[in-house]
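The same chain A turns up in both complexes below, where it pairs with chain B and then with chain C.
Here is the complex of A and B:
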């Protein structure tokens, strides 16, 4: 399961039952949500779709093999319940009636909801082909990314995009964005950002992480942010979501009529145009084309790869590939050697900027850049909040075809070293503790240490300097033990020197782990 | 090997072979008409396609004396192409393309009476030919899939009785499928158990099922035949208690319980013959049977006159 599915899931699971009941009124939404489920969740729905009576919980358990199967069933049921597709009543599982009806409609093509997009009745005089749409989508989307990394390629994105970038905390207008953007009216913020000079809105830690993700995750991250914003803009959440899911069911290269859309959705169309998710020839045109970004929304396949399923898609993928060559390969251009050298066959300022996040770039040629991964370059990325895992995923995802012949794709030494550099950064870990010092006698120190280690509360100790570090949990017990020692000593020993014991100096030392 | 390599995210390729033998579907005792059954099957196809965005489907009609691809249409317009059917906002486009192709394809096949029906073809469909087509299609699909993640399987929906003349080609298909790790699921919608196909499911680790009530076809399809290879690891699915392993003899295509087997090429014969009709091995002995003299005389008289090639090759169709 890819990341975007997880993120959209998390979002959906926060919605109340009423919202779901409205969402499920559209077969397209039912289908899209169905596709987000784990395989066994899908199977449970399919198995019970044409069973008219509720299914006893014990009966469903019999469908699954022991242990492994039942575990999967539990997982799947949890998801289904969270999405309000199934509910458990008196030992029976019952399927949501709306979902049941509309999902059956989706499978049989019944009903009259028109949720799969109304095609235009007349052919378009200015028909555009798939290659054009791909080009358009890539251009629009990359413009946003370019803006984020601060390259001067292309024109700056429109207000809506800027607003969203600020809102989602991917970029900041110089000051602390989270506190500011919320308090400020969205429009104000956008205009403020637009007024400011190019370089001024700065990319945040979150933004860097965003750049390293695959495009589908990026699009969903954007759309989810849009959903969050929709509530504050008084847009109907259900209509927005329905439209997103509808887009996912449309077919690339076809034009659809925007006449059946609600006012909210028409407004939405305008915004999505800016992200390159849909194409409209001119504002207010009665037809729109979904681009590849839209049609793969619910599929989970890498967007710009094209899949190898059939001839049209192959042709389309070839077209995309051609498009990519023009503006720098989007996929498979990195060669990483065991000596930490990295060669990237790209001339896209965007890709170079992304690489520059964690690679020490050295030379630049017309069609390629070379660099080397060093401790410093990785640490620089780590301080920006990028994780080693993200770097490795990015490198794997964009590995050159030559690299893919090997398993594992990336040289192990480099991968391990990147991880080690990350761990290195996490050497220090603050722990609240109590330091016991100034033990008068060695035997006092030893008995205290023994007592404390029996309790398992010793963090660190030093025999020579008679120091013990005790966790906060153990402080009370050890403290009273030490107090007892002092009292006993006072009673016993006149001739011996008074053991002075200082304790209870609370502070936060750094412990080597 | 299977469990470790099957990934949750692998797309599935399902090849459905539909038996449209009109002799059986139009039989007065048929519990279900072809059109009704087709509604169920179409919903099932959609359910398969709904499962994943990249799930793929191929449909082959197995008619009397012919078998034909219904979807994807090999020479027709490219599936999913823009010049497709008229769009309907109530239906998911992918589903609609498939359903239209299948329905119109079957209608065309049934309207077109086959003039050249051979005598032995009557009464049963070309299941073997359809299986071969399906296997070839899968082979092609696997070859063109660079990632090598597609999980293929075949589902045979049949109503016809076994045709013993099909035995050798069917067995060849079964072994090819077994070798290529392609499970063959079989749903015998009504009638007697299909012996050969039962063996097919058994050998390829597919599912064989004969529903008790064919009118609930969709539920059976959804419940037992929809789970993909990944889900099957976790589900209890209908199994076979008893498999009929009877074979058909190579000489007269009779289904036999006990027969004679050539010790060199393992061809099966219903009666003793001194020369194997397949590999031409000469047997210089008489079988040890009380009535050896009588049998020997008979074998000499009815020496298999029509040797059939039985090298393990899928039959061309």
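Here is the complex of A and C:
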């Protein structure tokens, strides 16, 4: 089961130097990449930003204490080198010239500032506030997730999204069309639309794993898929990436002009609208608003988007109280007891659908659902390819504020039991192999075993019973070794016999004489 | 003379091993009983074996959902 790529770092590190040099031409990109770095990486960059000559490797080592510090320095430098921010030449670390210049620009506000997005100069007649944007982003994003879990809530996502879901392997087409032909509800309509591309979409193992991730990871996973797709669509990778990073540096609640965007980026804007990452009042409008999904892309802080209805309620509440801390509380809604009972304070069909993946839900009330985690419900999830670790992470991430007062957050008994259920599913560990038996002599067995263990292909062996299990990969080598042994043994036997015969022949005449 | 047989080495815990031995009474699929935690079986029976063991283990668990 392959994991989908979720980290932008891994993706960036696969890009060639040329791409980086073009990326670094935008101050916004430099800043965004800087924000994505670990603290030590940032520290190194900041320390050497205004040093105009290359820094000798030995000098930089002096910044760190002892071996532990040097290990960390090595790690950090490796990252920086992979991102082509630093290069090592003749014992000196040199910072990428483009990065250096543009990052200075980003910090001091010099150069061409358009890469941070051009704020519109005229006020918007149809200005929208943050609450609206949050609502919009949640609605769009959850529409996609809803579609994935197969709830009929909301309208089906547009074709671009369906296409992306299919290509990313989060959903696949099922060949069984007839079973879906009963009623034409919204979901079936969406499947109809998508059918030309990949049949009836069905959620895959990867899709289930995707659902349990936090929203920031989900957005990045989506965008990375988009990047992969962009290459095949002949879209310029640098422009797409630049735009993503630019979005990350925009300010929530402000409107930006779409006039400075390149044609590729305008096209991109259309697609991002569908994901709820940006908002545009109507197609071709001269201004766009980034939503919270966009502005938290590079910040590393979790996106505080509650369920759709919670967000609106919360926005209303926040408007009255102007309290920020309430927003944090909204994040958790699950209470899990030591008796495996689970209470989820949510009315979002999406969250209920996700919970339904691994919880046996019992009752539903206007503001909560109750359920119980059972062996069967966990096993159902496991067969769908969800791992115990993912379930535990999800429960921890969404634990109610009351639960957070305890350490550990989740009851240990339940966590352990979930892990045990997973192990129980894998009680058989079968390995394809060949069994070698009936070794004639102990020495043959021993030399074969020695040879096979040198190759590292022994799965199991028993000295007394002269049995060896060899992996299928090792079978050919070990087989020919054994054949050689047998031939040699035969030859030896023949030689011995000949010798005996000769001996006898010599012996016979002597008697006769 | 040395013999090589193709099959599957199954590693399992001792209780599952006993279940496998029990199942072997019905249809012979074990090629060689190796030790307490290993058994060498016919490659074609693995899926069936998995299913059977699951069934037997399921019978031996208390089910909360039914006890409503």
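Observations on the model:
Operating definition for what follows: the second predicted complex is superposed on the first by the 371 of 513 C-alpha atoms of A that agree within 3 Å, B and C clash if a C-alpha of one lies under 4 Å from a C-alpha of the other, contacts with A are read in each partner's own complex, and residues count from 1 in each chain.
The rule is short, and it goes like this: a residue touches a chain if its C-beta (ideal position, glycine included) is under 8 Å from a C-beta of that chain, and two chains touch if they have at least 3 such contacts.
Model, not experiment: these values are computed from the prediction.
By the touch criterion defined above, A:424 lies against chain C but remains apart from chain B after alignment on the C-alpha atoms of chain A. Taking chain A as the reference chain, the count of touched residues is higher for B when chain B and chain C are set side by side.
By the touch criterion defined above, A:436 lies against chain C but remains apart from chain B after alignment on the C-alpha atoms of chain A. By the touch criterion defined above, A:42 lies against chain B but remains apart from chain C after alignment on the C-alpha atoms of chain A. With both structures placed on the common chain, the touch criterion links A:374 to chain C but leaves chain B unconnected.
Taken together, the chain C residues at the contact with chain A in this complex read 1-13, 16, 31-32, 34-35, 38, 40-41, 43, 46, 49-50, 53, 57, 61, 63-65. By the touch rule above, chain A contacts chain B in their complex via residues 1, 27-28, 31, 34-35, 38-40, 42-43, 46-47, 49-51, 62-65, 68-69, 72-73, 105-119, 249-251, 253-254, 260, 296, 298-301, 307-313. Residues 8-9, 39, 42-43, 46-47, 50-54, 56, 72, 78-82, 87-96, 99, 144-147, 218-219, 222-223, 226-228, 230-231, 233-236 of chain B touch chain A in their complex. Across the complex, chain C is touched by residues 340, 360, 372, 374-376, 424, 427-440, 444, 448, 459-460, 462, 467, 469, 475, 479, 482, 485-486 of chain A.
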